[in-house]
Amino acid sequence: MTVQYRVELGTRASRRFAVVGIVGALLLALVPFLADRSLLVSLTQLMILIALGELWNLLAGYAGIYSFGQQAYIGIGAYATFVLADLVGLNLWLSLVLSGAVAVLIGVLTALLVFRLHGGYFAVATWVIAETYRLIVKNNATLFPRGTPQPLRALSVLGENRFQMVYWLALVAGAGTIIGALFLLRSRLGLALSAIRDDEETAAASGVDVNRVKLTVYLIVAAATGLVGGVYLLNNVSIDPDSYFAVGLTAQMVIVVVVGGLGTIEGPILGAIVYFLLDENLSELGAWWFIILGVFLIVVMLRAPTGLWGLIQERTGLRLFPVQRRLVIEKPPVETGVS
Amino acid sequence: MPDILQIRGLDAFYGSFQALFATSLTVAEEEIVAVIGANGAGKSTLLRSIAGWLGSAPDQILFDGEPIGGQRAESIAMRGVVMVPEGRRIFPSLTVEENLMMGAYVRRPGSWNLERVYELFPVLGERRTTLGTRLSGGQQQMLAIGRGLMANPRVLLLDEISLGLAPIAVKELYRVIPTLREEGMAVLLVEQDVRQATATADRVYCLLRGRVSLEAKASQVGHSELIAAYFGVQET
Amino acid sequence: MTDAIVQGILLGGLYALFAAGLAIVFGVMKIVNLAHGDFIILSAYLTLVVVDLTSLNPMVTVVVVAAVMGLFGYALQRGILNFTLGSGILSPLAVTFGISIIIQNVLLEVFSADTQGLDAGALELSSVSLPFGIAVGWFPFLTFLLSVAVLGGLQLVIGHTKMGRSFRAVSDDEETARLMGVRTRHVFGLAMGIALLVTAIGGVVLGIRTQFDPALGPARLIYAFETVIIGGLGSLWGTLIGGVILGVAQNVGAYFSPGWRELAGHLVFLIVLAWRPSGLFGRSAE
């Protein structure tokens, strides 16, 4: 007598949520026709924050890669867009797409160096490399003439529609990283990742090429972070190395992910929303706002390492983006006497 | 002699895997007790639990009548329950003498010191300034035992000290165990080499799949009885 | 150019001081303290306060500042950082990152973003003549000697005291050290205490050499890190040479263009990383 079973990914809540999510995304897409400009700008920032959080979470939460140099790819994506659109004169959208490719190239170069180190040393090494890119740009008279921020002139083609277009782009980035992460985690690569997360040595022993899997994720995230960097530039209009290669950008990603919930797709969304609301209300406190953030980060890490989403999940069992496969047994096995 | 160490209904786990099931065992003062059993029977788990590397409930392990189960390894060592771990675990960046001095870290009172360890194992004295891991396997095991003695233990736990060593080296190591009893020490040793264990110990326990399958005086244990306890063969 | 190199060598002593604390913490606790650079800057500000209160020369108050930072390090490790251990590497990274953010912004709130300096009096002005017609300032020269002395002292402590032995034993094999009765949580506290004590000396020297402001910490962390990787783990003299190489690279870079100071340092670091990831003199950094 055989056991009849099927493998399920979804839960009832997640299937309902998928419907809610699609409706929600459509509603969000309509926002430019309903909301005023300041709300639009705020939502654009939130979407970018969600995208960056999801991307850092893919590294730290799923691949065990702790990079404190992800600002490198924001800077590179933004500068690639700027150079291709304004200095080379390519179409703005083409430039934006190509910035992802540039980020991958730089990512390969970076990985060759930093993948020699592990753990905490890897984290600082990625930061040093981001600093190196910042200084190279800063010392380049074409990229940073007379040490002043450069406006993205190509933006003028968008005219009055600029805010709407950038908002939609950010929405695509935010929704895209969520959906992308979901598909990535459900793929073969995702299976390898969860094996690595459970036990790196055992995963290697069962034929998972750990380094290659990690490198693949690193480069995918580099490309996507580069694209988000381009969108970030479109939103901010002007560019300079100090603010686009700032470690503070990675700090935001770390806070969003740790506070929201490491290793879950829901976590960074929640973390980004919390961060965004706090920032809107507390940023006028200046230095105190950052002190509060630092304390918040430490307290969550020590007291609730699964983040706010972890706390919610613990209490409700809610799972909106299922990536784990569950075995559903439809016909229980019949006792055969062999045990 | 009163019991210095009592294990009462000890359960031990590695994650969700249970390695020991309600194991009970006693060691009296100045007694040498051997625990034998096949690979994976739970012998090392037993010692790791006593030494505090694995958690347990307080009452499951009593030392001198006091519950010590679940205490931190360093507290247990300070009380005088000292383990010589499996695989010797010599500190690679420390010299032979420094390794021994680590054994005396908590400065328990007693007669063991560098001179006496060098007297017991002269080769360690000759090579005191070399890195501990440069010694041969047998010498490293001497160092590990010497390091344990430096703590002036009341109970010495020896985990598989013959593992991977040549017979002559094993003989050399086992030569010293009876002298430890004369010092007033109790010894609980885990051993795969059944003959060596029964020849050295006063009493023998056999573990089978995490449970005690035999307890006997070493001088009285019969061969077939031992085989049955070791392999779990039952008359059918 | 010769001058740039000599100055770079002397600067290297300071970088070795920065690096020693980072290396001890990594060696014993296996964590990278992302707030390390901010502790350097914090020490400089602390000196500012103590000098203000006592009107003593900063090189005298260094004793007080180092002691305070040492105690602070012990308390920080026992009170917070020990709880980040044993559950993966994100926890110590995120928590020390949080501490870094807090220190920078507390300094900003208390002292403002204005640059500050420490005045060591006549020591800073006079210079000493070395062979081959090279003249260097007394202060850089003295700080180099001080760095060598501190590193030598540290080497003695680690190599020949019970505490140092316990550092090495815990670094080798924490589990087995506990079998010897080593209270690892206490040893971690001591290691952080010693690390911040040495770091504080570096912070005071930095404060006398250059102007400082609350935002300088992360760059000092990076210099310390580069020094450790260039020199390789496991040898404090390797660290000194790592610091010298970094200092010379930075000064030679700055000799060609002021903007290339840091960049030259990073490039040398990256070359070493590509060529010998375990450092020039060390055991494996992996």
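The chains carry the letters A, B and C, assigned in the order they are written, with residues numbered from 1 in each.
Note that contacts are C-beta pairs under 8 Å (C-beta built on N, C-alpha and C of every residue); 3 or more make two chains touch, one makes a residue touch a chain.
Quantities reported herein were computed from a predicted structural model and do not represent experimental measurements.
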item	value
Most distant chain from chain B, judged by the mean position of its C-alpha atoms	A
Chains most often in contact, by C-beta pairs	A-C
Gap in Å, rounded to a whole number, between the CA centres of chain C and chain A	33
Where chain A and chain B are represented by their mean Cα positions, the distance between them in whole Å	52
Cα-centroid distance, chain B relative to chain C, in whole angstrom	44
Of all residues in chain A, the ones touching two or more other chains	none
Residues of chain C that touch chain A when the two form their complex	26, 30-32, 34, 80, 83-84, 87, 89-95, 97-102, 104-106, 108-109, 218, 221-222, 225-226, 229, 257, 259-260, 262-263, 266-267, 269-270, 273-274, 277, 285-286
Touching residues on chain C, where the partner in the complex is chain B	162, 165-166, 168-169, 171-173, 175-184
Of chain B, residues touching chain C in the complex	51-53, 72-74, 77-78, 82-83, 85, 89, 91-94, 98, 101-103, 105-106, 147, 151
Sites on chain A touched by chain C in the complex	60, 66, 68, 112-114, 116-121, 123-125, 127-129, 131-132, 135-136, 138-139, 247, 251, 254, 258, 262, 286-288, 290-291, 293-298, 301-302, 305
